[in-house]
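Per-chain residue numbering starts at 1, and chain names A, B and C are given in the order in which the chains are listed.
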Amino acid sequence: MLEEFVISVFAAVGTIAFATSGSFKGIRHNLDILGIFVLGFVTALGGGLIRDALLGHTPVAFIDVMPSIYAAIGCIIAMLSGRISLKILAMLTQPESKAFLVVDAIGLAAFTVLGARMGADAGLNLFGIVLLGSITGVGGGAIRDLLVVEVPLILKADFYATATIIGAVIFAVLYWLDWSLPVIMLITFTLTLVLRLLAIWRHWQLPKTKWD
Amino acid sequence: MLEEFVISVFAAVGTIAFATSGSFKGIRHNLDILGIFVLGFVTALGGGLIRDALLGHTPVAFIDVMPSIYAAIGCIIAMLSGRISLKILAMLTQPESKAFLVVDAIGLAAFTVLGARMGADAGLNLFGIVLLGSITGVGGGAIRDLLVVEVPLILKADFYATATIIGAVIFAVLYWLDWSLPVIMLITFTLTLVLRLLAIWRHWQLPKTKWD
Amino acid sequence: MLEEFVISVFAAVGTIAFATSGSFKGIRHNLDILGIFVLGFVTALGGGLIRDALLGHTPVAFIDVMPSIYAAIGCIIAMLSGRISLKILAMLTQPESKAFLVVDAIGLAAFTVLGARMGADAGLNLFGIVLLGSITGVGGGAIRDLLVVEVPLILKADFYATATIIGAVIFAVLYWLDWSLPVIMLITFTLTLVLRLLAIWRHWQLPKTKWD
């Protein structure tokens, strides 16, 4: 079915992207090979685990082998970029590296969509859909950052949570309007990704502090 | 019913208080407006999410809109205090600010009571009630502190966990004695709050180290 | 029954060991007595809570009093070692203290086995068993390290996750070969522990970075 196919594609893309982002962070923190894999896996699977635990979908997340295969692919991509060229790797793993932020953005968009869709599937109301989409989108990345003792992107980055929340709201509204799910998912994914990329590119910032 | 009403009041008070404490911390860490909201929400809803996940009450936490409304109120209160006076805000958001510690204490007391009551409701034994009350009380604040990469209050603050645990034990004992639930909740809340406030005010400390 | 007995022994040993490791860390970070208990308990019970939440075994973890008794024993052992001799305690709680790493290794091995067995019991496939064993093994220690704002051992320590994963894979393979569970558990525990201890003693490292 088309819907199933769209879901699989998003799951694959999001998992690979987040795994790559986790591995980049592991490389930058000078972890050994397994540490890099662990950080990649945790980042890639963390959002989904939180989502399933919150929904009470247990122990579903463990039975499927595919997510781990995608995660492994993401980790290997990150490590191979070091093989190909140290200079490229050094660029990729810089703290403010655009490449890092872009793979993170892809993961963010894909997981926001998947979380929102699972919430819709579980019969949550519109508010619950937005919340679950947002948490799923940002969960893996937050765990990744916490594990290397950094303040998560979601708190630091201007227009990070904003992109997710807008995406999840659009999803919930279109779902309420009864559009077809594959269409909703494509629109939401594209919009979230474009918003986040624009934010990176144009250095969008939310107003910070009238108070300092 | 009286019991339902008491529960709603505690939920409202605790959620608003924790959201305010989270937002204060976000302001101090110079986050943008959405970061402040995110930290407020996570602090306010985190304890309840942990509690529900541990009890297997899923996906209940998402379906209700009220907690998020309370959380938003708490965040707005924190931000408005900056509008009214920068000097007040500066005081409120200092690391050892009494105002911060007080709203945190209110959240702590309210959530300890709610967690213990939910444990009693789920048929846990007295030990389980104490454990669930304590975890619910301290959970949101612990997540808040971890997200901004600080050692959680529960580990640093003298007489923080102690207050929660004493509160939860009192709850469990009174529950075992079969007192009426609204009465138990009021007593436990008051006692936990007073203990924690006294600890802040009188700088109570547990014995630290015979060994250094 | 033999199997039940073996499980109880591993649960006791793992819980006490992890509680001791958490308390050692609390002492080093100069926490007060309750903070030391909290860190000991979180470390000892954290892996099991994550495991149960992921499996949807709720609220089982709270109803049993034994884990908390074991955790308390572990905390008391750690604190008593300070009573007996400050010099011994100072050695035990050093960051790279062998004693700390050894109790941590015992906890790691015991919880890997328990997690894998629970996964087998829940009917997970071999892959799920490995994943659940690994997560259970490393979960409590990861929470412990995060709470005191350190990068978790699983990311820093060479051959930490490797030992767990090898142990969990051996478990899954022997389980698939239909060996008797007590035998599998003893073999897996011994192997994981020996691997980790060898790694500590011989300073085994995984290859780190061709790239720096």
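Just a few scattered comments:
Here is the rule we go by: contacts are C-beta pairs under 8 Å (C-beta built on N, C-alpha and C of every residue); 3 or more make two chains touch, one makes a residue touch a chain.
These are the chains along with the protein names UniProt gives them: A, B, C = Glycine transporter domain-containing protein.
In this text, all values refer to a predicted model and were calculated from it rather than measured experimentally.
Its C-alpha atoms fitted onto subunit B, subunit A is found rotated by 120°, rounded in steps of 5. At the interface between subunit B and subunit C, two copies of one sequence, fewer than half of the residue numbers in use are shared by both copies. Per-chain Cα centroids separate subunit B from subunit C by 29 Å. Multi-chain contact residues of subunit C (touching two or more other chains) are listed as 53, 56, 146, 149. Residues 26-27, 29-35, 38-39, 49, 53, 56, 58-59, 61-63, 65, 68, 82-83, 86, 89, 146-149 of subunit C are the ones that touch subunit B when the two sit in their complex. Within the complex formed with subunit A, the residues of subunit C that make contact are 53-56, 119, 122, 124-125, 127-128, 131-132, 142, 146, 149-152, 154-156, 158-159, 161-162, 165, 205-212.
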